[in-house]
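To keep things clear, I will list the structure first and then write my remarks on it.
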Amino acid sequence: MTKKIQVENLRTFYGTKEVHHGISFDIEQNEIFAIIGPAQSGKTTLLRAINRTLEFTPGTKMTGTIKVDGEDVQKTRDVYGLRRKIGMVAPLPVGLPLTIYDNVAFAPRSSGINDKGFLDAHVEKCLRQSALWDEVKDRLDSLGTKLSGGQQQRLTIARALSHQPEILCLDEFSIAIDPVTTMRIEDVLKELKKEMTIILVTNLVQQARRLAARTMFLWNGDIIELDRNEVMFSDNTKDKRTYEYVNGIFG
Amino acid sequence: MKPAVPRASRSQLAIMVERVIEGLVYICGISAIIFVFGIFFFVFKEGAPFLAKLNFTEFFFSKEWIPTSSVQPKYGIGALIVGTVSVTALAMLIAVPFGLGAAVFVSEFCTGKTKETLKITIELLAAIPSVVWGFIGLSVMSPVIISVFHVPVGVNLLNAALLLALMSVPIMVSIGEDALKAVPDSYREAGIALGATKWQLIYRVLIPAAKNGLLAAVLLGVGRAIGETMAVLMATGHAVNIPDSIFDPVRTLTATIAAELGETSHGSPHYQVLFLIGVVLFSITAVVNLAADFIVKGIKRK
Amino acid sequence: MFTETPFIRKKKRNEVIAKCFFGFMAAAMVIPLFLIVGYIVVQGAPAISWEFLTENPRSGGAKGGIWAAIVGTFYIVFFSLAFSAPIGVLAAVYLNEYATENWFTRIVNLAVVNLAGVPSIVHGLFGVGAFVYFANFNDGKKSIIAAALTLAVMTLPVIIASTKEALSAVPRQFREACWNVGATRWQVIWKIVLPNSISGILTGVILQVSRTAGETAPVMLTGVATYKLLDSTGLFLYHPIKDQCMALSMHLYYIATQANNVPKATPFAIATVLIGVVLIVNAAAIAFRVYLRSRKKW
């Protein structure tokens, strides 16, 4: 298997506060890779370091290397291309104050695609992929911000798919939506796995267990354990804390 | 029709246009610095030639301002400084209690519609042009002052101070209200839980907690009063004079520039001295406003 | 049941007294305003007629109307906002969207604060030095363009401040969502931030109309004459570079303090017109704000 993302000795800082203390791991192509861990352990920061949106927050710094497809993200010549290679879904759904259609067409248009025929087909495809098409196909020109929370989250996923990413990062996507919608999205993810690499950050241990092939347990900016799910969710974890966290004894 | 891999990059033209726009945004962004230095530079440049001939002690402390004398013109701005300071001080004496009182009223006693209406009214107060205030001083306040205090002239120190008080209240109310709003509600709840009356709450808790913001509000009011021109030009009586009472006419730095610059010829000593007065005014208000800003920023950082 | 003890009654009375005291403080500032403005309008309104508004002044302002002053004020407001609005909005975009927190940004912000505090008469001196003599638009004489530029510099910090407020009302998560899909900063600003803050930005700019219309001291040094007529048949005959103009604010000063044989009601009428401009502009801004708040997209 090819390595899609390689992280080596990553350290990140908010001002003087160190978030990650030198972590290294690889993510393979077309796997679902789960990251679990309590709040404040640096999961979101890690995702933002990968697509380089960390630099939009004043006072942040990172050292070490992150390679996507073998290319160092810090040295890439096309940071916008890098970000389009990575789809990002934030914890809280964000419908942009545009129409549903424009929400999904935003990314292709930003990258210079204005062909109406292509956009129409593409918007439909993305909305179908995120299981939202049937609900909104008759009102594509109404505002994305007026959808319900669960619908907005699927709209967010459609937007993340709209620039045809090779990697899809989901950051606690189910935090603001109901269990039924969550299950529907999980089914979507299983489909998408065939086409792309998925990083699933979650505080729901069972979700990681259901979906991922491998899981990483991040705690206070350190990797406690990273292994195949059969190991992570068994009684034979290498680190006692993993067992305790997974079984709800702490965290 | 589908691009095989829509990893399409934007056209070179679009990227170029964006670069140009961002350059423009940057230039506009730093324009404030350019203008502040520009103001100082040009005002100083017009006044600078006179610096060589200027006797600083006489300039600042002499009360003789006789710039148009053909024999021996005198350029002492002592009386003008006293005029500016006395008008500002008297205005603040009136405006500070009322302005801060109004701020407390708006912040602590008003809610909903009343609050909104009061704030809009106070905003309107701030929007009335200073020349209209000056006209009010001439045509409304002056006769009132004459008949109430039985003094011969109604355009004087008191008249201008009343106008400046009314003019500087809006900024005090809005900044003061912000300061009071910044006091956490838990302070109020704790005060009430301890059985404090509303008075005690305001004097013992809210005003001490918001004192920096209130001080900034006062400073901004002072800055506004010092810089005001038309109202004091029309309502002070415009006489070079060290006042003995609040019913004496005075003259301020700002009004002197406004009244006399049009009469001078470009490059004459009188013209240059007026620009030096401008430098003095610029410096005073810069200090006052920066002080207010530091105080406000200090609060926000906490 | 809750019984009212003397202690509680005393406390309630205390509260009412406090409210009255501070209410009096506020009323002492607001009520005189209404009385004075009411007095001016009552004195001035009868003198306002269609002829007063649309005729040129005659006999040094003693007779005739104020048409030339209205047109002059319009010129000054129009040209000054034409400069200050775009520059101010872009400056706010820089400060709110691009600038990172460092010493340079702090200095820019200090400059904005400082610019806002410069007395209007000093702005006037700057206009004389920079626009009348240095830029020399009109051969060392005052001109409309010099006055307009002076006021543009003066209103700039206020437009920056109001625009910044409008921009920061657009939630940050929208920007982040767009950055995540590979949009550039400018694309986000152009497609998301500006369209959703334009109402606030315009409200801030509209409010500057009444401020520029009312300014007197800076324009009397840089571009406004006490008496400069328009051709009696012409509508827009001031030349923005070659001409000085009359202005409502300056006209009020001139009529109230220097002109001779003026009917008593005339200055009141001019003051009423100026107050009317302020009221209309502020009412328009409020209406605009309410209307656009109702159309908020999130």
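Each chain carries a letter (A, B and C) given by its place in the written order, and its residues are counted from 1.
Please note the rule applied: a contact is a pair of C-beta atoms (placed from the backbone, for glycine too) under 8 Å apart; a residue touches a chain by one contact, two chains touch by 3 or more.
Owing to the predicted nature of the structure, the values given are computational and were not obtained by experimental measurement.
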Chain centroid nearest the full-protein CA centroid: C
Chain pair with more C-beta contacts, A-B versus A-C: A-C
Rounded Å distance between chain B and chain C, as computed from the means of their C-alpha atoms: 15
Length of the line joining the C-alpha centres of chain A and chain C, rounded to whole Å: 48
Inter-chain centre distance, chain A versus chain B - centres from mean C-alpha coordinates, in Å: 52
Residue list for chain C, restricted to those that touch at least two other chains: 184, 187
Contacts with 2+ other chains: residues of chain B: none
Of all residues in chain A, the ones touching two or more other chains: 81, 84, 110-111, 163
Touching residues (chain side chain A, partner chain B) in the complex: 78, 81, 84, 108, 110-113, 115, 117-118, 121-122, 163-164
Chain C residues within the chain B interface of the complex: 11, 14-15, 18-19, 21-26, 28-30, 32-33, 36-37, 39-40, 86-88, 90-91, 93-95, 98-99, 107-108, 110-126, 128-130, 133-134, 140, 153, 156-157, 160, 184-187, 207, 210-211, 213-217, 220-221, 249-250, 252-253, 256-257, 267-268, 271, 274-275, 278-279, 281-282, 286
Chain B to chain C touching residues, read off their complex: 18, 21-22, 24-26, 28-33, 35-36, 38-39, 42-43, 45-46, 97-99, 101-102, 104-106, 108-109, 118, 120-125, 127-132, 134-136, 138-140, 166, 169, 173, 197-199, 202, 220, 223, 226-230, 233-234, 254, 257-258, 261-262, 266, 274-275, 278, 281-282, 285-286, 288-290, 293
Interface residues, chain B side, partner chain A - complex: 1-3, 5-11, 14
Complex contacts: residues of chain C adjacent to chain A: 100-101, 173-184, 187, 191-192, 195-196, 297-298
